[in-house]
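Next up, some structures in structure tokens.
The two complexes that follow have subunit A in common; it is paired with subunit B in the first and with subunit C in the second.
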Partner chain A sequence: MLADKALELIRELDRTKDGQMPAFNEDTIRIVLEEMNTLFEQNQRDVNATVAGDVRYFSGVHLRHAALERNRRCLLAYLYNRLERVRDMRWEFGSILPADIRANMCEPEIIWFNKYNKNLASYMRSLGEGTGLDLTQDIKPPKNLYIEVRCLQDYGEFEIEEGDTVVLQKNTTHYLPMAQCQHLIRQGILEHVE
Partner chain B sequence: MRTNEDSSLWCGWCRITGLGRGCHACASRSPGRRSCGWRRPLNLGFRGFVTSGRWCHIFVVLRSPSLSLYPWTSTPSPLSPSHPSSLLLSSPPTLLELNYSSPSLQLLTPSPSQSLRSASPRPSRSPAWMTERMSPTLESHQSELVDCMLDQINQMTENLKRCKKHDFRLAIHKMEIDRIRYMISSYLRTRLEKIEKFTHYLLEKEGRVTDESLATLSPAEVNYAKEYASNLESHFQTLILQHVPENLRAFDPNKMSVKPNLDSYVFLKVKETTPGVLIEDDTGEGRDEEVDLDEGGQHLMRYKSVSHLLHNGAISLI
Partner chain C sequence: MACNASYYPNYFSLSDILATQDRVPCKFELSVYNLGYLDPSSGNKDVVAGTKLELPCWLARALCSSRRHIVSAQLPNTFKERYREIMKADASVVDLHKLGPHYYELGQHLLPLAGPEAAALASLLTQTLRERLRGIMDSAQNSLRDDVNAQIAKLDELERTLFHAGQKALQDHQLWLSRRAHILTTSTMVDQHNKRKFSAIDS
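And then the complex of A and B:
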């Protein structure tokens, strides 16, 4: 059926959970693009025939054109939704993506990701009359100044305000200022104990 | 923005934050003590108004009965580290209740007397943060306010460095800074999310605006949106559009971009009585209705019908 493969792309993306990155399906995209080119050639032929005076095939042209548009729409939707996931990951993991996610992205997506990073960073720098504000921090409303955290891996010495240092060893728990250990939580070094 | 008056005349609380005279604490002091010359917060412009928010906060905490060690009520001695820091622990419910009580929320509210906003023809009088989060589309930007608040945070952080390390007031102030920062971040994040979603729609709308004070996007946001749009388009071009047949290569933002749903419904609270609000009937059967909005009432209405009231401050989104 026409545009079947394109729909398959969308379905595939929809089946994977949010927050996951399926591999970029270049093969299917190639098939869809080929289908589009074939449809276009057939259309071209029939249009020429119509212009020459034979109107028997004209309704076929309409049908194929609709299929072409549907294919393109599906392809763009596939790309767009993947980019949305990449963006969500930027907010979740920071400017460096985990290797397994990176492996599932194609080259242009990585380029887009870097451009997005740059754009976001320059916007955040411009806030507050040039002092800047990191919007990726403070995702949750602060409940306490200090939170209890458990160390998931050896990190070594960690300096908190005014020269105090704590040694973060695996499986130790600490009571640390939230503002300062937020990024360690996101890197997966610490875990917030509720 | 600090007043250059002699800071030794300020009460202890004002001195810590360096925000200048004018906290509620000063107002409650018995006469005869050194006063820092409290005035009505609103007369102090923006600084004063933020101050009032913050001080309400702490004031309520400290006025609870268990905290009679309030420096200016009975004992003039400053709170030293030896003072029970359990003061805070003895009243956790109060602190918790106050977590997101009105003072914090109002922090993003422009004050009517604020000189900064006087240039704007439509000062929005509902909390920008709440409005932004509840509205289906992007509201006008409040970048002066955001800049002001960030400046405040920086100043307060500086001032807190002068405080003694175990001073229990430090914890309250730090918490407050964290909360303000969270609010600003959350506000800006919400805006960014909308900008990314409705990029083309907003840029097109921005292009039609001639008066700068009516602009929805701040200059920094315009740059961001433009960059975002061009990145998106070049990504589409490289991967798909340059490989498809010629007649389908054009990228038409009007056909392909997401637009906010202005027909969605919002909860609102009426702040000024407005009679005769026209609710249009979209089915074309001419069943238009007029509704009177009475002050204090809460309604669930279509955003489109009430957006002009939101902009002139007669209602606020909840």
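And then the complex of A and C:
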């Protein structure tokens, strides 16, 4: 059936939700583009025939045109939804993505991610009358300046702003300034205990 | 093609694309030349007028409108009189996921194709959702995380979204009641990512 390959792409995205990034499916995209080329050429031929006065091909032109539009929609939706995921990952993972996710992105997506990173950073710097404001901080309203955290994995030395360093070892608990350990909590290295 | 622009919620929506893929029984009113491969069983080079085929909804919508009438579409069985009667009897026990995981969305896309049955179809959709919604809300607000799978097995995608929204509200409310709403947690994407990483290492 027409446009089935394009639907495969959509199905693939639909199956992988919640922060998964399926590998960029360049092969299928190429097949879809080839299908579109063929459809377009056939349409051109039939349109020429129609213009020449043979109107019986007209219904076929409509049918192929619908398939072309469907293919286009699937391809654009595939790219757009992937980009949306890349954008969400900036907020969830931080400015550096894990290597296995990066490996599943195509070159333009990586460039886009870096640009988005840069734009976001310069926007955050421009906030607060020149002092800058980290929008990725304080996703939930903070209640205390210091919080108790437990390490979930070995992280190594961690320097806090006052100049002290703490060694974040697995299963140790610490009392740290919230502003500085939030990102580690979001990334699953620390756990907030109460 | 302004006539079939009903991209809801937007052009890029995955669920809308999937919903418009479901098959609709169609009958070709005009012959379509050089596209015989649409109907491989016939072996013809062309699709001749009068051929009956199941076309995806998006194609049926494009070919059957007030302006052009290349095919005439019928409602799929699951939206016909017989199922309408079943829905009227008791909508809340029907397995909508089996009838098509995008039941409501497909139903909306079929409205322009339904012809004289459009009014019946429209009221079928609204009535079905109205009857089922109370049960969905009830189970969303009162079931624990463990037995969710059994609860959502019979729901279509739209209802699942509602169910999950209800569950999220319930969990957030419980966190707030136990004064734990401010506790920071690992972001969901990172959590999922780590889980997959560990299961890959284990295996």
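Things worth noting here:
Everything below uses one rule, namely that the second predicted complex is superposed on the first by the 174 of 194 C-alpha atoms of A that agree within 3 Å, B and C clash if a C-alpha of one lies under 4 Å from a C-alpha of the other, contacts with A are read in each partner's own complex, and residues count from 1 in each chain.
In this section, a contact is a pair of C-beta atoms (placed from the backbone, for glycine too) under 8 Å apart; a residue touches a chain by one contact, two chains touch by 3 or more.
In this text the structure is predicted, and so the values were computed from the model without any measurement.
After superposition on subunit A, the partners subunit B and subunit C are seen to fit next to each other with no clash. Once the two complexes are overlaid on the shared chain, A:Met89 sits against subunit C while remaining clear of subunit B. Once the two complexes are overlaid on the shared chain, A:Arg102 sits clear of subunit B and of subunit C alike. In the overlay built on the shared chain, the residue A:Leu76 is in contact with subunit B and with subunit C. After overlaying the two complexes on the shared chain, residue contacts for A:Tyr116 are found with subunit B alone; subunit C is out of touch. When the two structures are aligned on the shared chain, A:Lys143 is found in touch with subunit B and with subunit C.
Figure note: vertex subunit A, arms to subunit B and subunit C, all at CA centres after fitting on chain A; angle 90 degrees, rounded to a multiple of 10. Shared-chain residue A:Leu133: touches subunit B; no touch with subunit C. Of the two partner chains, subunit B is the only one that A:Asn37 touches; subunit C does not reach it. Of the two partner chains placed by the overlay, neither subunit B nor subunit C lies in contact with A:His183.
After superposing the two complexes on chain A, the shortest C-alpha to C-alpha distance between subunit B and subunit C comes to 6 Å. Subunit A uses residues 69, 73, 76, 80, 140-143 to touch subunit B in one structure and subunit C in the other. Those residues of subunit B lying in contact with subunit A across their complex are 99-100, 146-147, 150-151, 154, 165, 171, 174-175, 178-179, 181-182, 184-186, 188-189, 192, 196, 220-221, 223-224, 227-228, 231-232, 235-236, 238-240, 243-245, 247-248, 256. Contacts from subunit A toward subunit B in the complex involve residues 29, 33, 36-37, 40, 68-69, 72-73, 75-76, 79-80, 83, 87, 106, 108-109, 111-112, 115-116, 119-120, 122-123, 126-129, 131, 133-135, 137-138, 140-145, 162, 178-179. Chain contact summary for the complex, subunit C toward subunit A: residues 1, 11-15, 17-18, 21, 30-35, 38, 56, 58-59, 62-63, 68, 70, 180-194, 196-197.
If you check the complex, the residues on subunit A that touch subunit C are 1-3, 7, 10-11, 13-14, 18-20, 42, 46, 56-57, 59-60, 62-67, 69-70, 73-74, 76-77, 80-81, 88-89, 91-93, 98, 100-101, 139-143, 147, 182, 185-188, 191-192, 194.
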